[in-house]
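Only one structure is covered here, and it is reproduced in the block below.
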Amino acid sequence: MNNISARNKSEKRFQMYGKTAVLIAIGFLVILLFNIFSTGISAFKQTYIAVNLEIPADFDKKNINPRTELNKHFLKMFPEATTRTERRALLSLLSKGARYEFSELINQNKERSIQGYHWFLASADLDMYIKGTVKRQGDTAGRIDENQMFFIDKLLSKNLIELQANKYLLSSADSREPEMAGIRGAIIGSLYSILIAFLVSFPIAVMAAVYLEKIASKNKFSDLIETNINNLAAVPSIVFGLLGLAIFLNFFELPRSAPLVGGLTLALMTLPTIVIASRAAIKSVPPSIEEAAIGLGASKVQTIFGFTLPLAMPGILTGTIIGIAQAIGETAPLLMIGMVAFVVDVPGSPLDASTALPVQIYLWADSPERAFTERTSAAIMVLLGFLILLNLTAIYLRKKLEKKW
Amino acid sequence: MTVFLLILISSLAVYGFILNKSKASVMSDTNIMHSQPHYHGLYSAFITLVPAILLLFFWSFIVNMITNITLKDFFSDITDTGLIKFYTDGVIGYAEGATDKIINHAGFMPAVEHYQALQHNNKILQFIVISTLSLMLFRYSLKFVEVEFKARDYIERVIVIVMRASAVFAIFVTIGIVLSLLLETLRFFDSVNVFDFLFGLHWSPQMAIRADQVGSSGSFGAVPVFTGTLLIAFIAMTVATPIGMFSAIYLSQYASENIRSYAKPIIEILAGIPTVVYGFFAVITVAPFFRDMGAFFSFTNMSSESALIAGSVLGIMIIPFVASLTDDALTAVPRSLKEGSLAMGATLSETTKKVIIPASFHGIVGSFLLAVSRAIGETMIVVMAAGFAANLTFNPFDSVSTVTVQIVGLLTGDQEFNSPKTLSAFALAFVLFFITLVLNVISLTIVKKYREEYE
Amino acid sequence: MTENLKVSIRNLNVFYGKKQALFDVSLNIMEKEVTSLIGPSGCGKSTLLKCINRMNDLVEICNINGQILLDSVDINEVSQDPVLLRMKVGMVFQKPNPFPKSIYDNVAFGPRLHGMTKSKEDLDNIVIQSLSKSGLYEEVKDRLYEPGTGLSGGQQQRLCIARALAVNPQILLMDEPCSALDPIATAKIEDLIAELKQQYTIVIVTHSMQQAARVSDRTAYMHMGELIETGMTKTIFSNPQHEKTQDYITGRIG
């Protein structure tokens, strides 16, 4: 047969297409993760400037203006700054957050004197330069002009500029100043939302799954419910956001931007996922166990709660975790119900206006400031970290499930 | 007051539970009872608590309505419903002590007094009635502890009702979606003609803020938005389909169990990454990449927001979707067919192309449609990577806008509800919901039909 | 009938992972004869059959040691292409597995694949001939373009036989071809085998001794992976040499 070599070549080509496709898919993943990681890793450190302080113990600490006081000490370090332009250039190297750090320092040392060098938060522009994101060109770098550069070089030569751990990222909420911006508010908002979503959707979904699998007779009505649930699982997330908008905000008049509303909307979204996973888990419980229980005189409800559900629980929980993992990353529905406002406070309760982690990422990604780019990546790393944790839990549960049978 | 009431009836319920349970326990020492003691306890608690709570809900709801209606009377000279609401909210806020702001209107203070009197009377009445009800029910429930009394049946029936309600809830959610979208859409079509919307070629709702411009300017023609959605979805499917399908073919037919067990989960990770991360990736990596490529080939005006960028990243996100569904379809083909073909001297690629894929064709088509539905409904990637400008074009290098992006744009930021601008978002959402629903239903029907062929 | 050696199996050992399925099996298959492999469940007869057309290659953990010579050439040698082998050695399976295509396309599959025909007429001829050889043509000639899956069990199996014959093999391997069929269909296929052996060498695995006695010229008895005894069918059944063969035939073991 003379077509055999052509066929073999075709076979090899086909196989190669397959291998290439797999490699391309994995390659995309690697590129994406690498990109995020390499841009985000620098956000975990932040630039600080050391300022020499000489504050005697008896200094009147109650009536000072932290900003002017700190500036005074900073200017003292550089007597060569004479003109207004030069002084402004030097002072601009400190972040607005430095004055709050200074106040706190004062408060912690009420009766004592404060001597020597203390570290204060530097401005975002300086931070970008130090981290190398903005490159030097002659005597300027990005938004840094020659005057600022002059003082930067001096500070560097005296080792008065350092990269330290970024305390703000995880401990403070959003801010207009990138160097002070953190994701704490977003994380708390997300946690409240997810908690509410879980508390609402889990019981309803499991009850519904139990009903459909064990109690309902197979008629047109139960088919209708089943079709409904399958369709809901495929509805675009933004439609759920609109539903939340129309019902929770407009009809029930719940507070806008509140994690309560976010949680309720996410609950509607995860409901179908948990129902489908629970049904599969319940279906896989061998009927022999139930038959044994009923043979001993247990009622149907008792069998379900006493035997079936406990055995199906690992599968149900695995599915729930997967549903929650999806919900954590959802952004569109939260945008619709208003969790997109610029909120500077960490929410105290699920009723306070707040944002959520994916929304925070979206807001920061939109910002033109370079400094927010690395922070966006860092926030993404935190988000992905949560997701990895959740998924590992799900995998662990699945392994535990396999051992039981 | 309300809190106190709730605590009172809850305590009654707990007390009833304990009383009945112990009474039943005593009885069960000498008799064989139908229901275990704790069921009797639950029965009492249930009877004591639930009717009272239900009544409380309805009571509050009705009082709320009455309050709103009577408060409005104080501002009968105002015609703008929005303004009335603002005033009544202000009255309530002031009366509750949440704000100090006094609104300059003759009816304001009288309204405040009225509200406070109403609340005061209501709370007293509510407390008396509901606690009495609860107490009476409590006494009544104590009489039920008998050997023959089927407390467990009763409780179980309640549980089943709760379960049935949970299942039916799903239908309510769907109805909720349809209604909330439909009502607003219909209101939209009050101001804008249906055909102008569906077939109009010019979309710029941000412009039509002036009341006299609505509808007549023809700025609600959604065709550019629809074509933008289709263009980006098309590009996405062009990326995702070959990569996804060939990955699935390789992993299900060629790869060893070892490789498959690693590669499949890794590809699934692509599906678990939140879409906002993809959007960011599009902005910081993909857009510059295409810009540089364009510069290399001397296309100097590649915009940083184009259909190509959004479409490719969307395609990457959909790869695991296509791969996983195709894999399911391929592995569902009985092994005997594969063996039969190989036994005839077909190579694996020939077997795959001529036997396995045709045999799983329905499943593959179904998964294709589901992937398209996913692509159309995606929001964040396109919001961040495509633009808000609704251009009518099929050129992938241009920036276009999609249905989802427009919905986001119209509903975030300042909202005046009921303006055609915000209502148009609902109209778009309705179209989106409808199309994805149709795609999903077709997909599921096709897959079902193919499954029947094997059974 | 001249006796020519078609397939020579020498010292064959087959492992699935660590588990050994065939122990030092040596067997000769003679041309244009029906050789049957019999034995209790798990004795390795299907495994042995699948070695002849290298279907065991599909199982990752399967390892083969020994020689299988087809017309004096070892089929397992690296230079040998399994695709070409399977043109020469056709297979019919236990459960009929027609493709979800038309009857015509089922039979035409092989010839199209191997580029055996130059025109539609040639292909038509091959299809008609193959269907005739398997005794199915008269029953389906009016519905060649209907799906093959719409036929009865017995018809499907004959379709699979026609499909295998369409590529003009020299050897036909049959793995318990009648176990899923009713007695009437079984009888039809057994008659078919009697006709086919005039043109083809047939090796059939069967769990029914009676069937082996009915259709085969030679019989090989296997037990727990070993080839216990082989010989002319009449001899094996009337005068077995080995005790184990005797036990199986008389029904003491099964």
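As written, the chains take the letters A, B and C, and residue 1 is the first residue of each chain.
Keep this in mind: a contact is a pair of C-beta atoms (placed from the backbone, for glycine too) under 8 Å apart; a residue touches a chain by one contact, two chains touch by 3 or more.
Just so it is clear, the model here is predicted, and its values are computed rather than measured.
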Graph class of chain-chain contacts, one of line, ring, star, complete, other: complete
Most centrally placed chain, judged by C-alpha centres: B
A-C compared against B-C, more contacting pairs: B-C
Greatest separation from chain B - chain, by CA centre: C
Separation of chain A from chain B, taking each centre as the mean of its C-alpha atoms, in whole Å: 21
Intercentroid distance (Cα basis), chain C paired with chain A, Å: 62
Intercentroid distance (Cα basis), chain C paired with chain B, Å: 58
Contacts with 2+ other chains: residues of chain A: 7-8
Residues of chain B whose C-beta touches two or more other chains: 347, 350
Junction residues of chain C - those touching two or more other chains: 83-84, 87, 114
Interfacial residue positions of chain C with respect to chain A in the complex: 81, 83-84, 87, 114-115
Contacting residues of chain C [partner chain B, same complex]: 53, 55, 58, 60, 82-87, 90-91, 93, 95, 97-101, 109-110, 113-114, 160, 163-164, 167
Residue ranges of chain A touching chain C (in the complex, touch as defined): 1-4, 7-8
Chain C partner contacts - residues on chain B that touch it in the complex: 256-257, 334, 336-337, 339-347, 350, 354-355, 358-359, 453
Contact footprint of chain B on chain A as seen in their complex: 7-8, 10-11, 13-15, 17-22, 24-26, 28-29, 31-32, 35-36, 39, 203-205, 207-208, 210-212, 215-216, 222, 224-225, 228-232, 234-240, 242-243, 245-247, 250, 268, 271-272, 275, 299-302, 325-326, 328-332, 335-336, 338, 340, 358-359, 361-362, 365-366, 373, 376-377, 380, 383-384, 387, 391
